[in-house]
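Each structure below appears as structure tokens.
You will see two complexes here that share chain A, one where it goes with chain B and one where it goes with chain C.
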Partner chain A sequence: MKSTTISARQAGMICTMSVLANKIFLLPSLIYEGAKSDGLFVVLMLFIVDLFVLATFFMLKAKYPNNTLDYILEKHLGRFFSKLIYIVLMFFFLFKVLLTYSVVYAYLKGQVYQDEFALLALISVIPVVNHAVVAGLRSFSRTVELYFYAISAGILVCLAVALVNNQGMPYFFNTSVPDFFGTAFKHIFTFGDYIFLFLIIDKVRMEKKEGKELLKFAGIGIFFVLSIFFLFYSIYQITAFMHNNALTDILSASNQATSVGRLDVIAMVTIMFLSYFQLSIFAFGFSEAFCNVFHKLNRGYSVAVFDVIFIVVYVILVGRYENMLLYTRNWLPYLALVTNYLIPLMIFFMALPRKKGAKYEKNY
Partner chain B sequence: MSFLKVETKIQEIKKAFHSSSDFASRVLSNEEDRLGFIYLKSITDNQLFAETIYKPIALTKKKLTIKTLQEEILKPNDVMEIEESEIIDNIIKGSIVIILEGEKKFVAVDLLKYPTRTPSEPPTSPVIMGPREGFTEDFKTNISLMRRRLASKDLVMKQLKIGSYSNTKVIITYLYGIADEKIVKKVEQRLKEIDIDGIIDSYYLVGFLQENENSMFRQVGMAEKPDIVASKLLEGKIGIIVDNSPIVLTVPFILFEDLQNSNDYYTNHHYSSFIRAIRLIGIVMAIISSGLYLALQLYHYNVLPLNFLITIADTTQGLPFTPFIEIVFIFFLFQILYEVSLRLPSYLGLATSVVGALILGDTGVKAGLISPPGVIIVAVSKIALYLVPQQSSQVTLLQVIFIVLGGSLGMLGVVGGLVYFTNYLNKIDSYGSPYLAPYSPRITNDLQDGIFKENIADIHLRPESFHNKNKVRLR
Partner chain C sequence: MKKIINRFKKNPMALIFLIILVFFAPTALFAPGESTRCSIVTAVGVDKLGDEYEVSLLTFIPTANQTYLETNTVVTGKGKSVAEAISNAGLTLGKKICLSHAKTTVISTKLMEDDIAKDIDYLGRVASLSENTILICTDNPAKEFLLAAQTLEKDIGLKLEELISYNVDSVYVTDTSLEAFFKGYYSQTGASIIGYLKLASGDGEESASQGGQSSGQSGQSGEGESGGESGIDAQDNVSGYSSSQAGSGGSSSSSSSGGGSDKKVLNSGEVVLIKNGIKVDKLSAEQLHGINIINGNAINRTITVENVTDERYNNAMLTFLVKNKKVKITTKFENGHPIFRADVILGLELVEGKEGETNIRTNTELSDISDEVAVKVEQFLKNRFQNTLKVLRENKTDVIGVTQKFERENKKDFRKFLKSLDDPDDFLNYMNFELVIKVQPD
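Take a look at the complex of A and B:
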């Protein structure tokens, strides 16, 4: 039988890709609106929660090295609650796709295509995302592995140019506590990406010390996001809320950019790669959850259902990307409370080591 | 079963060959014996027949029996005693079959003579330094070329016959103790399962050997030189030699193999690394440059440096076609010229180049039908294609796809295309070897012979991308 597993290194790279994209375009300016430069600490705080999810993943993997999440949930919570969790995760990933797509679309429409191109964007995105899901986790993780260093180099170039151009430091500690936590709550849905790892827990090979690889790459992703936030707030200071795309704008403020032509093409291409990868990861999350809810339907069905729901919800419910941002701030945090906190907490208790003397199950 | 008359048997066999014009027979009689000779004069050495078979038999005073023919009269030849059912097979193989009146069995003497060419440097794999011999259409020559390079008892040659009409000899070759027996068995099984009328060239087998049969990407290696095949066998791969074809197939196959060239192994490894990097950049350029140019010109002109943008604006002003139509037009013009130059006699090739480059290109620009940047971009992509000639057909198709993507969806389409096709390629496994190894997934050991090649003295292990039994190649 053909192996479908991926290495811890590949899983780590997927982690990096899952935290980029929608956090480095529009989010920095949105968070600045609520928490000023202390938005950086908001992000840091939310990432710490994400790291708790990652730690839970390691614990669960140690306890159930080869078991699926479906099996673990059913064992502890029973069939009904297991299905319920998968349904919640299905919607979580669907809205994640919608949010990422809306943010990317807004960026491309405003800064790249400078025109309405809704149909073109759908034509570009849907086949690639569908194919990534159908091709399977193994081929997708290999693709991420192939482009990982090129994408990282793109982000590093943006960071390096921004660092050279940086004239000062952001003004910290000028936000009230309610504003700080209020902003954190509003944007909580943008985080919690590592929950994807639980869905593929049986497919990640974790040999001795390989967990470090996963942690290393997850750390790289968090480092990139925090660096971009920091440089973005440093460069634009109090006008940060007016700039809609952090990765591009930290480049375009540079003197170097104008002397060698438009350097923001690097950011543009990086964003496009990141968007495809992040959308594929979330779509894959949807598909995994779907296949676990409807055992008898294969991945092809999940993709078809995803396409229909995605297009219908996007056209009818979202319509404009501003609407999606509104939902993200007003409604989706409640869903995120369940997916980012409640479910990981439940899994944490499931992952707690057994009492001494308890028998370990054989892995299959 | 015995028969009475030689002539009757000859007529019977002639009928089996549908009285083919190259069917030949002779009858020789002396006082005691009557013999018949039957053969196909198109594939047997007639002079050798006269000198070493007909003449000694005609002049002998001995009693003619199968034993005397085998042991005394025809001794220097490759003589075999055969059954009646084997007569036709032996004649097809180029043997002369001797019928002795009154005998139940027959004698076959191998006198096969095909028109063969001597091993010469193949046009697609020339080297500056290194062996110049290439395979020929004669499989015996090809086997001897392999044996010369791998003079080992462990070089295994397994012969099969495929094709109900062509009866083509196919040899599976591998190094025992290095190649994975499971893969050998899998290949053998696949070849044995083929029930086809004829195998005209080794390429006929490609479709049967590929794991993803309908993929546009080839998953079987093709080599025209014995040194290349020998080095692949040393890596644990399996070769498939097909009679009548100068191309030897190898499996498993990964895409990166086409970026490697035999020249790389006969020159300084630093230079090889540089050339491999050029090849990689060139092939990526060949695939996306036309599409990228269209995307930048149509959707993202604001990211172009101002001077470049002014040049493009100047040269494209007043063109009757849209940029997309212009690039498609130039692309197909190049493709037509390429196809024509392949089929035209060489003395007309120069005329085609003049017509193509000067009249169609230069005059097209002067007439204001096409723009110089468009011609340059398409020309560069078409030339860069031949940095890796083995991939030219696949890359040409990808060029068309990326032109459409770049022209219709802009950069998002080009990037989407790259992600899509990388995913597609990552899905392909050739006999357990990841198609994009050693980069995706990264196989650290194999990076030694990757884009940046290390000195041969530092490469201690065989590639891990391919399943092989013996890992160590240098102790």
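Take a look at the complex of A and C:
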């Protein structure tokens, strides 16, 4: 049992990594376009909803400490709906991989390569992601643990340098209510990363208040994202819509920063490592959902199917990074409504105590 | 062999690593250097010729030599848009244009007769160009300016970005970057401020000195750095340099390879006021100092006061160095009238003094600042601030952050006040300014 499980701490680190996905490059600018500096509150609001999802995870884990999600869903909804939920999650994670890949590709194309490097990118990403998925959650999470502090240090350096840049308080409360909620809706697909935890619910060990660790690392991820948003809006204020790479742009905004060289290299290296982990987490999510839909197929098949679908969808259907963003804002919010809100809500009801007065085992 | 195959079978990642190595290592090892593929641009100039843009790029040419001098060239490209012109400039060099090291963007004031935001929008958005690229303007075509700047290093060992960087840190002391321009442009006031440098012909103004030695003319009273103009001679006196443009590359681009210029760059610390992307006025260094009186970062500058007579000095001219400064800006409304108040505390050090024709023969290190001196300094700074304010009022340009401050602290009252005006743009004329200066020895 122990060889396939991960600690709550490792699960928390995975949460931190996944929470940072797609939120620290282009998103601050896109959200500013819709909700001005109040975009910070949009993100806060979406995170609060995500935290309810995390709370639901704790409730479910308390009620079913060792059961798989498949078992829980089948027990409450039957086989058909259980499979249906897994299929929805499969698509959710597939699109998450596509979005993450597209955003990172566009970032690296603009900042590093300044040219198309599609083949090189695919060759660099796919084997690593495949291996991460095939190696299993335990080895993957240990690798995450190994790199976690280096990645965190990279982000903290970016934040520290951004703090010394010219900045002022962003102008808040300038957007209308429809714009505020409209922007939130357009970008909900970028959130809802904690759903991943439900897929590995049986593999997360949460003994004696270990849940606190998970909560702590989830909080670190949210803190990083909110800090980047805040500093980005503080530094750029009304020109935030012109800047596409928040983490890099908060570094390169001051004369002092660039006079000591290209400090944005710190952001680039951090992003490269971070992206590998994010892509692997989402690919693992796809694989886990796939294996639960097709019980007879093992993880190797799921990886092969993932590669084929990923390459075909990316090259043929998505192709351009702008297309992916268009889908993310126009179509994928509807998918996210199901995965981020409807499924957690259903799980919440499943996690409610069986009998009146029954209590959860406190693990956080 | 079997053992090796088995080892790879056990560890498929090693096989993948090997495959990647086999595919990419030779390509990486034998690939030509990045500098043969990319041209490193250190400054960008934008001009408009009729309907077309002409973009000039001060480009670093990596060449092996035994000196510290860098070889630069100015390459130009024309196109219907700035992006197209840059791309066409690449045709001339036969390399891709890399803007990551571009620290300066030059535009001609002629371009600023119309809204420049649309002309330089691409530069504001292109990811490879750093956000803190300094935006400056010149009366001459930007191309001519870059040609003159090209010889700076050869003549006096000064790079253009060093000169601009000095101006930004020590003269303007305000953000004059491309980003700051756009911030001002998209703000409620639409006002921004950018640096201004001019060119003079080789046998031109006297203030310019050969070899780049400054011959600043200090005014009767004023700020040291702003008292005169420092000339940097960029005259074409280096063998192999030509002021003409040589060659033409591609359908719409031309290159002046190694071309020098008989023009020299004059740095007088002036800035240009921009309103809605259009140049509205020019501020002299003294007028700029007027703005910087309420800028807490503007220190290490000199203030010279004349005719000082107190118990220590008799009709003396004293020069003080601003060693530290504290500025507190507050806004309020009194009887419906907006008041912008700046409390400035200056820590001054006496650095020079004269009584008539003779030097002051006392130790000035521990000298106190008498009430008479304090009044003189206060009067001098208030006059200077008033003069600058007059220009800002005339041009309806709020570049001192009045709107920002009111928007943050008295949003409702301020908006009501703006609504009550026939021309809200002219609000500076209806604003009361209070400048309270406290002078103390450092």
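Throughout what follows, the second predicted complex is superposed on the first by the 350 of 364 C-alpha atoms of A that agree within 3 Å, B and C clash if a C-alpha of one lies under 4 Å from a C-alpha of the other, contacts with A are read in each partner's own complex, and residues count from 1 in each chain.
Quick note on the criterion: a residue touches a chain if its C-beta (ideal position, glycine included) is under 8 Å from a C-beta of that chain, and two chains touch if they have at least 3 such contacts.
What you are looking at is a predicted structure, and each value in this text was computed from that prediction instead of being measured.
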{"item": "Partner chain in contact with A:G168 - chain B first, chain C second, else both or neither", "value": "second"}
{"item": "Chain B versus chain C as contact partner of A:S152, first or second or both or neither", "value": "neither"}
{"item": "Partner chain(s) touched by A:Q237 [first = chain B, second = chain C, both, neither]", "value": "second"}
{"item": "Which superposed partner A:G110 touches (first chain B, second chain C, both, neither)", "value": "second"}
{"item": "Which superposed partner A:F140 touches (first chain B, second chain C, both, neither)", "value": "first"}
{"item": "Residue contacts with chain A in the superposition, chain B compared against chain C", "value": "B"}
{"item": "Partner chain in contact with A:N340 - chain B first, chain C second, else both or neither", "value": "neither"}
{"item": "First, second, both or neither for A:Q10, with chain B first and chain C second", "value": "first"}
{"item": "Chain B versus chain C as contact partner of A:Q278, first or second or both or neither", "value": "neither"}
{"item": "Partner chain(s) touched by A:D249 [first = chain B, second = chain C, both, neither]", "value": "second"}
{"item": "Interface residues of chain A shared between complexes with chain B and chain C", "value": "120, 123-124, 127, 131, 262"}
{"item": "Sites on chain C touched by chain A in the complex", "value": "12-13, 16, 20, 23-24, 38, 96, 98, 100, 103, 124-125, 127-128, 130-132, 134, 165, 168-169, 175, 177, 179, 182-183, 186-187, 404, 407-408"}
{"item": "Of all residues in chain B, those that touch chain A in their complex", "value": "299-300, 302-306, 308, 408-413, 415-416, 419-420, 422-424, 426-427, 429, 434, 436, 439-442"}
{"item": "Chain A residues within the chain B interface of the complex", "value": "2, 7, 9-10, 108, 112-113, 120-121, 123-125, 127-128, 131-132, 135-136, 138-140, 142-143, 145-147, 260-262, 264-265, 268-269, 272-273, 276-277, 280"}
{"item": "Complex contact set, residues of chain A against chain C", "value": "110-111, 114-115, 120, 123-124, 127, 131, 166, 168-169, 171, 236-239, 242-245, 249, 252-255, 257-259, 262"}
